[in-house]
């Protein structure tokens, strides 16, 4: 069974992420979308909230599982019997950072492969932080994040 | 009447900014250079000081107005009856961030257009933070910022 | 009166070009879309055919004029009393070539300004040569070029 | 059964290509490496010779099949019951061209996915044309192409 | 006597840095590797610890001297009678930042030249922060930093 | 004695090249500017004419020698007892091609080092082909090439 892991901070999940999830799920027997628990930057949503938002947005995708993890990505793949890391590529700056991480992951375990999917061009320049910036200033984020989580983003930002 | 808005943090205004301002003012009936009041990074100058420095540096340009704003850029353009956002492009990393913002602004209001002017090649690699780094270490910043504000930059850095 | 010139080879015009034309025409009193007659690469359509295809595709845009020219772009702008060169930016490689030309044009006449419009993200990776490659292999190009010229592209490729 | 197609000109196959072939073969049930028969550039080896060199270089990889095709890539995938296009990414310029083609292929058939594998960093800047340039000037190409084809490259270049 | 200065934060020194040091030392009579004392980001090692790790890693290189400095790089070069700044280039984002600094340094003293060495391709995507991220999560960093300092990195991270 | 080789097609030499030559000559005991005799593209000037133009433009630089060569660059460096290849970097696309060649040259002889100098920002987007394009259309190239060769460029283009 081919299992792919799609790791990220997903704070919150955007339609660009959803596009990668949908397309990966056609290529793998199972796709584990997993919230990384060791990112240092200040998040908007807690880890558990992000898992909940992802679960809601993917509830109609039977091959997709939502999870979170701490520690080395390679160790997590071993634990989950997964053999492929899935990444979405949007832009040049992604490209460089992701290549650095893919190189290091390959050094840690050459059996684990990283594949890159091209983000749909309409999401080429979309990121979680852009979503937060727009929503935080009262702008409309319909079309940028899954409809089922729009209200959560505004509510959360109001509490800050 | 064609009105363009040139938004930025201008902390402080550099000769690269001045180049964009001068050239835009030949293309529009009025150019509003506007200090963005919601940037999170720690500034050197307060918003009001930046408005003052910009006003001094552009005092001989009748078509240029200095202002500042808070909130969504698109809302500000509506309020000021402006229809074009002006941006200077220096380098690849600018390019990506600016495209992301232009895309989102277009989604928020498709009638508002973003145009990019190429920064004069002699300012290609000039930024406000480079100015602050050099001045903070006692280096000479003549030629990097308008002459009329050089003294302010050194004074301000001494107070920090 | 503000007149912008949008120069290119337009062999053939794509929906990415159409997007730039539509958006420029909101910003200028008149937009002259002009086929450059000194490109060395082997074209699919003759200059006159390209002018004809552009005219057909823009026939409902009263502010847009189709033309062609030979020689230095700057000389052409002088002749047409235009003061702005319009360029669409799609990708990093465009960026570098276009900056080089803008620099040289600015040196030839500092009063002429080049502005860049971001190509709509759905056309980010669309080019005339991609259209010809796909159509030449029998693929579908609907959505890539204006509907009114699709048949011409297939017919022309059959004659080659 | 998951079948991936790795298309290219392979004129000749390099160790960078071999790296992508080996790694893809761990992820798919079958990998079809296929020489594209409609490239316009002047080749060093004929299509049949390139198929022969690839067959020799991959003779110990049971899941890899060598083939060639003419026409639209998407049509070829349909014919071969394959659902994934495999591409190696080396550098920024690859990135842009490959994204353009991936976009167009997705438009032609949204069920077909393109995945990108990062070329091993030691091959980041290796290309078939660099191999031909070095060998053509009498330089050593050991380590750049599979050992079993080195002699063929020199012989072929001598005949030109 | 030609003296080159290789400035950086070296927190900690990586094998990519070692590659630049070794190659520079073949080109200059003396290479001064100097820890910059005015970087604002939170370091893992203190300045003195970084000097100590660099000294240990280069102890067999007679032409290499380890030092640290505060203030303007150009002033430091004058003090040390050095005339060349050495920089390693890994990736696009390095390129832009380094060009900006080289431009400003050239403005401050046109007699001082900055040269760029290409990082060995196997270290193209290696950085001190990647080393700290991997080691901090318990991953193996052999091959990424000089063998003589591996233990120090783990020890230091445990203390944090 | 440190000898650097600055190879290129120099068809014709531009002020960007002159900037690299002047700055290199401060760093080396001798700089050999050498016209590559195996470039395939159609030149404007013959090899001998290019050597002559370079000689004229550098006649006041005692440490600079003009030469031309055929074959592998590394072999040429051996023959001339040179140990460093000098390259000017202007833009992203240069960067990729030059890195590929530097990697291959390092593989052919690890003792030979390639160094990159940043082209002066005012020449960032200047190339020989841009010069020929402008001059060929009757535009002014003063400031783009050494004054002593301007007339030659126009004369040569008239003969074509």
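Things to note:
Think of it as A, B, C, D, E and F in the order they're written, each chain with its own count starting at 1.
To be clear about the criterion, a residue touches a chain if its C-beta (ideal position, glycine included) is under 8 Å from a C-beta of that chain, and two chains touch if they have at least 3 such contacts.
Quick caveat: nothing in here was measured; it's all calculated off a predicted structure.
Under the contact definition stated at the top, the chains bordering both chain B and chain E are A, F. Between A-B and B-C, more contacting C-beta pairs join the chains of B-C. Residue-number overlap of contact pairs with A-D passes half for only one option from B-C, B-F or B-E: B-C. For the touching copies chain D and chain F, the fraction of interface residue numbers used by both falls below half; the interface is of the different-residue type.
The chain with its Cα centroid farthest from the Cα centroid of chain A is F. For the pair chain D and chain E, the distance between C-alpha centroids works out to 38 Å. In whole angstrom, the spacing between the mean C-alpha positions of chain E and chain F is 30.
The set of chain B residues touching two or more other chains comprises 92-93, 99, 103, 121, 124-125.
All chain pairs that touch, listed by label, are A-B, A-C, A-D, A-E, B-C, B-E, B-F, C-D, C-F, D-E, D-F, E-F.
Within the complex, the chain A residues that touch chain E are 38, 71-72, 74-75, 92-93, 96, 99-101, 103-104, 107-108. Taken in their complex, chain C has these residues touching chain A: 92, 121-125. Contact residues on chain E toward chain A in their complex (touch as defined above): 91-93, 124-127, 130, 134, 137-140, 143-144. Chain contact summary for the complex, chain F toward chain E: residues 2, 23, 26-27, 83-84, 89, 92, 95, 99, 102-103, 106, 111, 113-118, 120-121.
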